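Just below sit the structures, each encoded as structure tokens.
After this come two complexes, each holding chain A, first together with chain B and then together with chain C.
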Partner chain A sequence: MTSNSVGAVQYRRLDNYVYRLTVGEHLLVALHARRDQPLYALTPTGAQLWERLAEWATVEELTDALVRDYEVSADDAKQDVRDFIDQLESLKAIEARGESV
Partner chain B sequence: MTAIPRISANVLRMRMMERARRERIPMHADIEIIATCNFKCVHCYIAPCAEREDVMSLEQAEIIFDKLQAAGTQSVLLTGGEVLTHKQFKEIYLSAKRHGFSIYVNTNAYLIGTRWADFFAEWPPRGMSISLYGMNPESYERLTGIPKSYERVMRAIDLLLERGLSFDLKCPAMTITAEELPAMQAFAKSKGVRFRTDFSIIPQEKGNTVPLQLQLAPQDVMVLENKLDPGFKSFRTYASPRVDGSTTDSVYKCGAGKTSLHINVHGGVSTCSTSRKVVGNLFEQTFEEIWAALGGKVAMKYPVGHPCATCQFSRICAGCPATVEQLTGLPTGYVQMYCKMTHQRAYELGYHATGVPRTVMEGIPAHVVTPTRAAARMLPVLG
Partner chain C sequence: MTILPRGVGFATGRVNYAGAVSLRFGQLVIAFRAKDGVTAFNIDETHAPFVVPTETPADLELTCSVAALDVPEGPVTASGASSWDLRRDAEGGEDIVFRGGPNYGTDVWHLRLDPSFRTGTLTEAPLMPNRAIRADGYPLLEYVVARLLARHDGALIHASTAIVDGRAYVFVGHSRAGKSTMAAIAEAAGAQIPTDDRTILTIRDGRPMAWGTPWHGSLIRKTPDGAPIEKLYLLQQAQIDRKEPLSQAHAVKELFVRLIQPRLHGMEVQRTLEILERIAQKVPMARLHFRPTPAAFDLAVGGE
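Up next, the complex of A and B:
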């Protein structure tokens, strides 16, 4: 694992979404979106990653968290984290800093 | 693992609503943040009784938001009075946003100029409902009692549309609005927004029955419904799955008290905005206590022999337990005016041979409560 690798991109959630667990759904509620899609449902693992993204975190650190808590291989977990980060970036729900190594 | 499954917000809401119905989760809450209003509408049942102090503070609103959030509420309607006259409206609205609620707003739009329109464009509500009271300055001002109300509301509508905000227009069907309702409906259509109307007028919160003078009689309601919905086409679609020959002795057939609730400006909780009978107070009691009391109320059954208990048209009834409660004092009361409207509807849709309720022939059972004397005096004479 490369938890603190120099130059790795770090991500952190923005405050334009609010997370809520309600009626059994992990919801990401957009504060600025129009009617069309102001609500997103996260999987439980997505919700866990979102909570983790309250602080700056690298893909590796997020992957570590998944591997620690779920029975999943590091490769699968890393792919899932990358997919999740891509989704959040497309929603403009996170910001990034640092450079890819 | 797909961390954000591709699912539309509507499908997601339906999934949540199904679970909320099964488990009786308060998915939605109406919150009255102010009871006073800048209009003086003749039919209003809230503002004429309101005092200056009938305002919910930001701190009180946040107590309610916290309790609703913990209870699983997903959406809130901020209503009044006129919400935009509340000095802390922005703070309350943004706090509701940050609590993660989908927000709906009721407004008469009189105060919506560029600044409010820009605010809503930046922080869009999930939905907005604007009261419309006429299609020319004279009729508008006759109803609202406020000069320039027509011009200002028309401008507000354009400002919101220019910013891509969506909203509904609504107007109560009354003796003084009936003639203009088709024009209002056409106006809404020309603007690409939905139009809604409601045929039930209720007494003022503190019992004054004057607004009931504006109630349309059943025969006039039928004529108007046919104008707004030619051949009852839309209503036919709505009624089809609801009139299946079955009957129920359950009084509450809607989501009131099951998946939704209403909170008045003092924290009092009732089934919905029409019912003003509170079962508890959120500033003094836990949410669980109040939700349990509301559950008891909406579980009530009609007494044996009550005409509504054996009516197969109860799911398309023109009245509801809340309007009946306002006219008779009890949700289990009986209002023949609603019964006549409903049977007329059933007749027009081909479900009933004559359109005449059984109680017209056989009378109303003596143990069934009917409108109070004050209400009955104001309601239209039934033919």
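Up next, the complex of A and C:
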């Protein structure tokens, strides 16, 4: 699955990461001890997308959420969502279902 | 002077306790009880200072025996390199098999923790001639303490601790950061050193506390002593001694990545981060750029 696989593809976060807003920072912690890099910092936008990914969501739906809440163009928001999805996939932090178009 | 260069040490003896033994780490008490009431427990004498009376209320009670291991079946939830495998059941109970011997090739202990993590069973394979249960077995005991701390408002971290005038100065760092070096300098300056490698952090009566542990490092006589934390330092060897304050968020992250605790349960991670937040909000943390000299310790304790 890549960022080019949009359309009907839906994403949802896995439970192998823990999110916490801690003293003003959005932290994502990898569960299981042997992962070399246990801790990631999210931007506020990334944290919002992470929360949204508690339920299945498409790139389009995630983009709409950003456009609704931030002063950002749909094109820029979609690119940010794609980049974020790519990063989460590389961390094996999300799962995907559905057909790419 | 009780600190020796890394890799140099005295062979220590073993101590037996008939039928039961309880150990305290920070504010956490773990009770080992023989299933048959008579089987002995055996610990290294370096752990003897951590023994408390068996009637002390325990946070975890383990019913223990020596028997062939009945290793559970089913998929492994998580593994610690080659030294242990964990299986979690649907109710939240856990079975952990710890291995030992050459290349961790032998199943030695089977620990069963009930979902509450307040009771469990420990079975040791009949490998030792005296059939005593090694309550301090590695990595069994350190693993149990680390997991329980995460559920009891505590954390286990790579850090040495120096107690001066009843206040703890905690020196955090990965291996070779200078934890034992700073501990040796502090001890020479008259500080009490409960640990030079692994410190327990807790909150007691709203105050962040640091406690000694028996594990690792070069210090021969570690102690369970604890004290309110005055300062937290992240060690960084340098050519000039100076302190660089860290923000609370930075402090939490630096502390978190130096924890010993396995990140096996989301709730434990959440609670651990919460404890680190509370500590960082109450205790200033700085990066201590230091040369291995008494002046660096003086700077840590009071100087600017």
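Basically, the second predicted complex is superposed on the first by the 92 of 101 C-alpha atoms of A that agree within 3 Å, B and C clash if a C-alpha of one lies under 4 Å from a C-alpha of the other, contacts with A are read in each partner's own complex, and residues count from 1 in each chain.
We take it that a residue touches a chain if its C-beta (ideal position, glycine included) is under 8 Å from a C-beta of that chain, and two chains touch if they have at least 3 such contacts.
Values in this document were obtained by computation on a predicted structure and should not be read as measured data.
Student: In the superposed model on chain A, is it clash or fit for chain B and chain C?
Tutor: By the criteria stated at the top, chain C and chain B clash after superposition.
Student: Looking at A:Leu28 after the superposition, I want to know if it touches chain B, chain C, both of them or none. Which is it: first, second, both, neither?
Tutor: A:Leu28: touches chain B, not chain C.
Student: Would you sort A:Thr45 into first (chain B), second (chain C), both or neither based on which partner it touches?
Tutor: Touch partner of A:Thr45: chain B, not chain C.
Student: Compare chain B and chain C by how many residues of chain A each one touches, and report the one with more.
Tutor: Larger number of chain A residues touched: B.
Student: According to the stated criteria, A:Ser73 is in contact with first (chain B), second (chain C), both, or neither; which is it?
Tutor: neither
Student: For A:Arg20, is the partner it touches chain B (first), chain C (second), both, or none of the two (neither)?
Tutor: Both partners, chain B and chain C.
Student: Indicate the residue numbers of chain A shared between its chain B interface and its chain C interface, in ascending order.
Tutor: In chain A, positions 18, 20, 22-25, 27, 29, 31-34, 38-39, 41 sit in both the chain B and chain C interfaces.
Student: Could you pull out which chain A residues touch chain C in their complex?
Tutor: 15, 18, 20, 22-25, 27, 29-34, 38-39, 41
Student: Okay, in this complex, where on chain C does chain A touch?
Tutor: Going by the criterion above, the answer is residues 78-81, 247-249, 252-253, 256-257, 262-266, 269-270, 273-274, 276-277, 280-281.
Student: Considering the complex alone, what residue numbers of chain A touch chain B?
Tutor: It is residues 18-20, 22-25, 27-29, 31-43, 45-46, 49, 72, 80, 83-84, 87-88, 91 of chain A that touch chain B.
Student: For a test of understanding, state which residues of chain B touch chain A in their complex under the given definition.
Tutor: Interface residues on chain B, with respect to chain A: 1-5, 7-9, 12-13, 15-16, 19-20, 25, 27, 69, 72-74, 97-102, 122-124, 126-127, 164-166.
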